[in-house]
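Listed below are the structures to be examined.
Here chain A shows up in two complexes: once beside chain B, once beside chain C.
Up next, the complex of A and B:
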């Protein structure tokens, strides 16, 4: 039986498919097998913070947490208000909770400023947009920053719905009141934000703001531990999350 | 070869400029090898001196990534000794003389690591 060109090409194509299919099929099967295994590995710790605004308001015009944070992280105080660098700050209630109908909520709560900080979202939009992975979510839930890698594109600032990120429009060094040599400064052109004090947590300490708060209005703990203080508070009291409807899953809770 | 004079002068100038490093070295003596000053009384660095001299940049890079990206802050040296991975907290505690230690070689080799744009260097007398 003579082999024509058409038949030969068909056979050759079939042989090529058979030769490569096995490997790609096993690879596909392998990927399907490993995927659920890695996602099933539950993280041990999930850090979160509970803010009690009523306790905070007991200490009138107190800025202990903000000062402690500024000092611990060499945060510059730029004179131009548009260049302000904020890690933890006070903001108006209706700005912190714009989707909250606050007409009939206790005015003692809504007429006073409320503490705002990075929410360390479970679904952080800043992490999705960062082109260099300079910001990423750690296994313990902290949305961390690697300032070595930040190229200052400010995508994360556009993505963050809470305004938790600040950009160094100028060299921060001359604007730092007391330099702490144990913590780096940033340079011009780098984005910064609250890191939940990951350097202190890695040493087994609490965040600087939590330690500094005299009113015990900031509670820090593990959401995965049902017996933790944060879980106890969230069980016994109702708590708000900032702009929860956006689906970012913020992990800073505000007791009402 | 009407322009013999011009050509030879031009060549001479070219050769002189091209060989500038050679006659500069002959005139002023070759640049002296830097001698970084070690002020610590500790007998050994994190790893043996030769390894540190050769690979300190790789070590510091690895420290940086391990601390920042993985949150692990303790380094186990080849001999089993453990140290905290920190530029300002560990390295500069033994080598507070940045100008005579770090800069001595870095200036000689014209490398400018950007560590100190963010990390705060130890206070030195002038």
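Up next, the complex of A and C:
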């Protein structure tokens, strides 16, 4: 009898393992056939942003775009810089462009702040490494996030060469100044970042930071449209991309 | 067979109790982390992985090292390791279990961890690491269970187990290769993006693991009636010696390419480790200790006189284990984040709860290995009276 019970338990265990594995395998096999989770529109668009740092600097100590983003996305304000959550922020030029060695330039220029945000790379390393597809690239190029699927492994943060991803090291909700009920708040233990305001774009609006910028230093548009404002700017002005040598193909351009 | 772990003398139960206390403390700390979030650790937005992931990386190596006794025995019919294979397999089971626990405690949303299986993602190395680690655990559980049951019933193990054992050999190599690929495929982290990372991982694994096995054999000889025998231990010592030599050689090659090419983003990580960067010298004393331990270990291992003397051999094994633990269990992961891709150096010091959780998992691993070794030795009638 004892032997039977043991045999039964072994068999039951084996069956449970097989059932789980089967579930995984069917999903794996079906992965290629699942419908795209984005708003596939024809003609295809490829969203991008052009930043004009000179225009931005005209408005010294202006934080309109950052404030608008923080407000629109319920971004918590952590006082501890180690736990900071940042979607769009100001950083020193030489930190944003560490491979631009401009040593004889007036040091004041390289220490000026520039805006940094997720580059919505065409070849995003964060998407490649995410083990749950909680972050993925939409057909329009936006690198989006599913905060309900993220397991908080932070592999994407190790893979991002731009420090554009933030982790909720503790519950963010008590640290949100003015909660906007129209946008989800996040829970502790998930990664978040700029989403190019995909929720606004899907409604036909421009990203919140672009609308908020009075200096018109942020231009948003479709790279696939040769007549778009972003394409016009990139045709006539020289532009930098952050760490272009890594092959991530950032879609945020900085006019020189 | 499990009932054999429930019978033991006073010393046995004291040891179990001591481990239980450390586990309980770790569990309490984990419950605090579960409630508050990972902000309870010393990690930050720039140093996003720390002690937990580093221990995981180190222990994958310990787990893979079982192959160093399994391979000679089953592929080369090296009879001398016959008594040791089960110890190696049980060490692998315990180490893989610790690996999984370290991954688990590092998750921001541990309750969602099964999403990795629910949404299998072949382009993520973490998915493959999950596959290879759980496969390796299953392989070792099956192999050790079947071979030990056969030994208890004094019958030869069933013939179908042999191909399974052979499969476990390349599988052991795969777990550490895939773990190295987790890091070496990231363009953002030049410190890890080196083709030699996987070979380096294997070399360090095949020295630290067998070194630990030698130490276990020496301890078991004192506290039980199990004697691995002098010669098998000496053979293991030779494996440790070669693997350690190769490991040090690989590390020197890393240093050469980084320092001679003098590409700043490659050099800075080594600066952080060995001289400090931007005033941050947290790891400097550790890394020099690791270098001294590794050299001392090699002196004791290469010299036949000290290698043959089991007392100095034991000291060498301790030095190998500690030296590699510092190298992989502290330096390798943390230095990948220092400096950050944007050049920032952020202080990282593990907090008390973080260390307590880490110790708790190690205690759990030790408990597991104690119980498993107890079972194995009881089956053979070699436990202490």
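Heads up, the rule we're going with is that the second predicted complex is superposed on the first by the 207 of 256 C-alpha atoms of A that agree within 3 Å, B and C clash if a C-alpha of one lies under 4 Å from a C-alpha of the other, contacts with A are read in each partner's own complex, and residues count from 1 in each chain.
Operating definition for what follows: contacts are C-beta pairs under 8 Å (C-beta built on N, C-alpha and C of every residue); 3 or more make two chains touch, one makes a residue touch a chain.
Since this is a predicted model, take the numbers as computed values, not measurements.
Student: Could you tell me whether chain B and chain C fit or clash when both sit on chain A in the superposition?
Tutor: On the shared chain A, the partners fit.
Student: One more residue to check, A:187. First (chain B), second (chain C), both or neither?
Tutor: It touches chain B and chain C both.
Student: A:111 in the overlay: touching chain B, chain C, both, or neither? Say first, second, both or neither.
Tutor: In the superposition, A:111 touches no partner, neither chain B nor chain C.
Student: Once the two complexes are aligned on chain A, which partner has more residues of chain A within touching range, chain B or chain C?
Tutor: Comparing chain B with chain C, the partner touching more chain A residues is C.
Student: By the touch definition at the top of the document, which applies to A:157: first (chain B), second (chain C), both, or neither?
Tutor: In the superposition, A:157 contacts chain C only.
Student: Mind working out whether A:203 is in touch with chain B, chain C, both or neither, as first, second, both or neither?
Tutor: Only chain B is touched by A:203; chain C is not.
Student: Upon superposition of the two complexes, what minimum C-alpha distance (Å) separates chain B from chain C?
Tutor: So the smallest C-alpha gap separating chain B from chain C comes to 12 Å.
Student: Which residues would you name on chain A as touching chain B in one complex and chain C in the other?
Tutor: 187
Student: How about chain A: which of its residues touch chain C in the complex?
Tutor: Residues in contact with chain C: 17, 20, 23-25, 27-28, 31, 82-84, 86, 91, 94-96, 98, 125, 128-134, 149-155, 157-163, 166-171, 187-191, 243, 246-248.
Student: In their complex, what parts of chain A are in touch with chain B?
Tutor: Within the complex, chain A touches chain B at residues 74, 136, 138, 140, 144, 146-148, 179-182, 184-187, 198, 202-203.
Student: Over in the complex, which chain C residues touch chain A? Could you list them?
Tutor: Listed in rising order, the residues are 36-39, 43-46, 48-49, 103, 106-110, 112-113, 115-127, 130, 138, 182-183, 185-189, 265, 336-337, 340-344, 346.
Student: Within the complex, which stretch of chain B touches chain A?
Tutor: Checking each residue of chain B against chain A gives 64, 68-69, 71-73, 88-89, 117-120, 122.
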